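If you scroll down you'll find the structure; I have some questions about it.
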Amino acid sequence: MDREKIGFYVDIVMIILAIFTVFLLFYEMTIAPADVTPADISAGNIPEEVRAVLPKIVLIHKLDLWICIVFIVEFLVRIVKEPDRKAFFKAYWLEIPGMIPFTLPFLNISKTFRVFRLFRLVRLFSMMKRLSRLYQKRFVRNELQYTALIVIMILLFSAYGIFFFERQVNPDINSAGDALWWSIVTVTTVGYGDKVPITPLGKVLGVILMVTGIGVIGVLSGTIASRLLRGYRTEREAGDVQEALRILKLRRAKGEVTEEQYHEIKKDLEEMQGETG
Amino acid sequence: MDREKIGFYVDIVMIILAIFTVFLLFYEMTIAPADVTPADISAGNIPEEVRAVLPKIVLIHKLDLWICIVFIVEFLVRIVKEPDRKAFFKAYWLEIPGMIPFTLPFLNISKTFRVFRLFRLVRLFSMMKRLSRLYQKRFVRNELQYTALIVIMILLFSAYGIFFFERQVNPDINSAGDALWWSIVTVTTVGYGDKVPITPLGKVLGVILMVTGIGVIGVLSGTIASRLLRGYRTEREAGDVQEALRILKLRRAKGEVTEEQYHEIKKDLEEMQGETG
Amino acid sequence: MDREKIGFYVDIVMIILAIFTVFLLFYEMTIAPADVTPADISAGNIPEEVRAVLPKIVLIHKLDLWICIVFIVEFLVRIVKEPDRKAFFKAYWLEIPGMIPFTLPFLNISKTFRVFRLFRLVRLFSMMKRLSRLYQKRFVRNELQYTALIVIMILLFSAYGIFFFERQVNPDINSAGDALWWSIVTVTTVGYGDKVPITPLGKVLGVILMVTGIGVIGVLSGTIASRLLRGYRTEREAGDVQEALRILKLRRAKGEVTEEQYHEIKKDLEEMQGETG
Amino acid sequence: MDREKIGFYVDIVMIILAIFTVFLLFYEMTIAPADVTPADISAGNIPEEVRAVLPKIVLIHKLDLWICIVFIVEFLVRIVKEPDRKAFFKAYWLEIPGMIPFTLPFLNISKTFRVFRLFRLVRLFSMMKRLSRLYQKRFVRNELQYTALIVIMILLFSAYGIFFFERQVNPDINSAGDALWWSIVTVTTVGYGDKVPITPLGKVLGVILMVTGIGVIGVLSGTIASRLLRGYRTEREAGDVQEALRILKLRRAKGEVTEEQYHEIKKDLEEMQGETG
């Protein structure tokens, strides 16, 4: 097996792990109504509502720890191999906070510090970017897909964040689904008001979502609209070409174009018709 | 009567049937608070709230069965006559699920399966497309009409869907009118929040509506706005032409244009004025 | 006093009457919780809640009757004087329903029929159009003002309509102010949901408002935004001209432009700078 | 120290004072549930809820008085030094109402009159404009920053206003944070409806916010979106240049361009590639 192929399969594995780690992120929060750290567990300081799902959470933490080790190793290997390390750091440094495991066995990570988990979503994004760059954009072929990808990232980011900040406080946001629904309703500016952040950090996140997301979703829905309306436009454009041909012939008659120009332009128009017809 | 005329009248009949079947779709749901199948009826398993309207529902099912048969026959005839069957299938395969009758006498169709009824709206759309294509766009003449048509389709689709998913669960969505109002309030991003989907499938539908509809309605309201503002713009454009003529005369005086160019450009400007004035 | 001047003062008087009649429209609804007609009054069939304000309402009806007579007379005079009556009718026929008085002494106008009062707003609009056309756009000078005028018309129209349909039914819409607030919150797509139409006709009006208004208000807020940002853009454009001049000088040095072209282009650029600087 | 440097440090001090005075504005309202003037204090007419924070408020008023004096002095110095006083007044007259102190020791300023405090935000804006103009746009370098600045001004203005009008009336708007959240939710047209103005003046402010802000925030989010999507676009543009080069070479082969033209265009394309690559 040659080098390039190995790189390809490594990338595939890494992206699957990145998606899996985002899944774990949401899953842990879904089953555990309150956060718990290994230090809490060893101290026997376990909230009542978490006790039932404790074995699952311990398993999730173990899985996550191993995945993080894989990411760290892969990152180090990439650094070693990279000729231009400065450019590499500039492009990928945001991945680093995403490599911190959910909990460290010897460390009691405070709740605030856990917001760093959000950076796993950043890693997911930089990973897809890498993939699409290396393999001649086999992955993301056009602007629609690229925009959709950024929208999905923004939505996952804000859904995770709002779930994180509001879960135990806001009676309207109880599940990952609620959080995602809020993100979509907000970013499209529909804003029903059925779910509204009530914590200061949740509101800050809402503002970030509005400022960054509204424009991007505007581009996305604009692109989708132009696709839906393309059927008609194609026909109209074909009509435009017909019209131009008619005028060209009149101009030839009036001697406004030379014979050479006439044939050149006519060829161009016929080519355009071939594309849209 | 020649062939083309027969085709025209067949198309007219088919489109009326297509609209009628969509009407039936909403009407059945409006009168029946719960779904009922022929198998249920023969088994005597009729929900209390449906009993009063049972004769109507049975009639609707019979009507629908016959209309579906008409559609299937017409579809088969078109296939037989079509020279390029592959292209035909590619263009019209989405009509097929819309040909499944509401209920089959020998089959107990589950509730989930009934979502296929939504495809009747798809058929409605493909039918209008067919009409407008065959008769030199006599039906849909400009982009405004085409966009409005797509908006109506999206709205009917989502209104039916939300009515289907939320009718028995959501106290705010009780009628086809409620469902349509929700769709319009959502797709324009007004989002009052007086009606909000509460079921997971209703929310998924809401997301589909937002992602596909917001851009299209943006195009529609933009087109309507430009029509409303056209009065002023036309006048301004007429003014622009006047201004250009003035400058052209100055340029002629300065010798910046040859006499030939002057007369050609002047003619062009006068033609433009004729269009807008 | 010459003819043109008389025409000018007549127009001024008519526009004041048109605005006054719209004011009466809102005022009558504000003071009278229920509608009452002369026939009701002569029959002694007066709703309890109206009795207190009955003298005011009778006065409003009398005032309105006289204003309507003025409008009808003025309309007839214009028709008589107009050379191209067909074009005149095409442009102004929508004014006619606005000339029906609030109540006719010998006629018991039903509630539904009163919706025709909305056409007074249409007249207001056509009157402004007339003014701006006749007096070389002295009244509406630029697109911003024209768009703002249309927005105000749409808002008055929908505010009146929603007030008319929802006043006695919807506890959230009690005054002309409430109705206008609802219109603005809806047309900007903010859609708080603090006031939502609950009657079918109110909802239809809401849909009309959304479809026609959202695009126009988009143009309006876009124009206002570009004004607010013009300060910066003007400076940037001045910079653009400087940059173009620099490049032009380089091109002259390289002999890419002839001396003649150089001086012509330079003059153009300097003129552009004079406009923005 | 030369003159220009002194001017620079004076500007820095003034801008810090302007920001500080806006901070005081919000802080006073946050701690004092009701307004109180020196005349009230000397008359012993102090609302119960204010008594506890009275020393702080007196301190704020003193601080504000001194800052206002600094602004007035600085303004007078600028007028004296300015050669074109008319242009100066036209540009900066809106600063003047912002120089009225919160309270004057000898004057009992009514509540309505205090709305003038809003003009401190205007001053903040004109100050930043001044800074960015004088120092070759060192402060505001591009349109994104300029648009963001205007958005922040609009938000601070409406947040202060809504806080001012609704604080004691609206149970949903209790803090500067609430007011800012309402402003952002409104200006982005999300409009959850969790906070809605209920006073007439609050509603007027809401309308002003919608009309002026929605377009500007549209420009802002559009600019941010285009930045987020630039990565992809840059790559695509690089591809466009490659494509154009390929076609150019074919055209050269076909003799459609002269050798001179070919080299000129090729150079242009290579320069464009240098910018985006």
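Each chain carries a letter (A, B, C and D) given by its place in the written order, and its residues are counted from 1.
Note that in this section contacts are C-beta pairs under 8 Å (C-beta built on N, C-alpha and C of every residue); 3 or more make two chains touch, one makes a residue touch a chain.
All of these numbers come straight from a predicted model, not from anything done at the bench.
Novice: What chains do chain B and chain D have as common neighbours?
Specialist: A, C
Novice: Could you state the distance in Å from the CA-based centre of chain C to that of chain D?
Specialist: One centre to the other, that is 31 Å.
Novice: Averaging over Cα atoms per chain, report the distance between chain A and chain C in Å.
Specialist: Computed from C-alpha means, the inter-chain centre distance equals 45 Å.
Novice: For chain D, jot down the residues that touch at least 2 other chains.
Specialist: Residues 189-193 of chain D touch two or more partner chains.
Novice: Graph shape for the chains shown, where an edge means the two chains touch. Line, ring, star, complete, or other?
Specialist: Topology of touching chains reads as complete, every chain touching all others.
Novice: Mind listing the chain A positions that touch chain D in their complex?
Specialist: For chain A paired with chain D, touching residues are 129, 137, 140, 143, 146-147, 150, 186, 189-193, 196, 200, 203, 206-207, 210-212, 214-216, 218-219.
Novice: Going by the contact rule set out above, which residues of chain D touch chain A in the complex?
Specialist: Where chain D meets chain A, its residues are 177, 181, 184-185, 188-194, 220-226, 228-229, 231-233, 235-236.
Novice: For the complex, give me every residue of chain B touching chain D.
Specialist: 189-193
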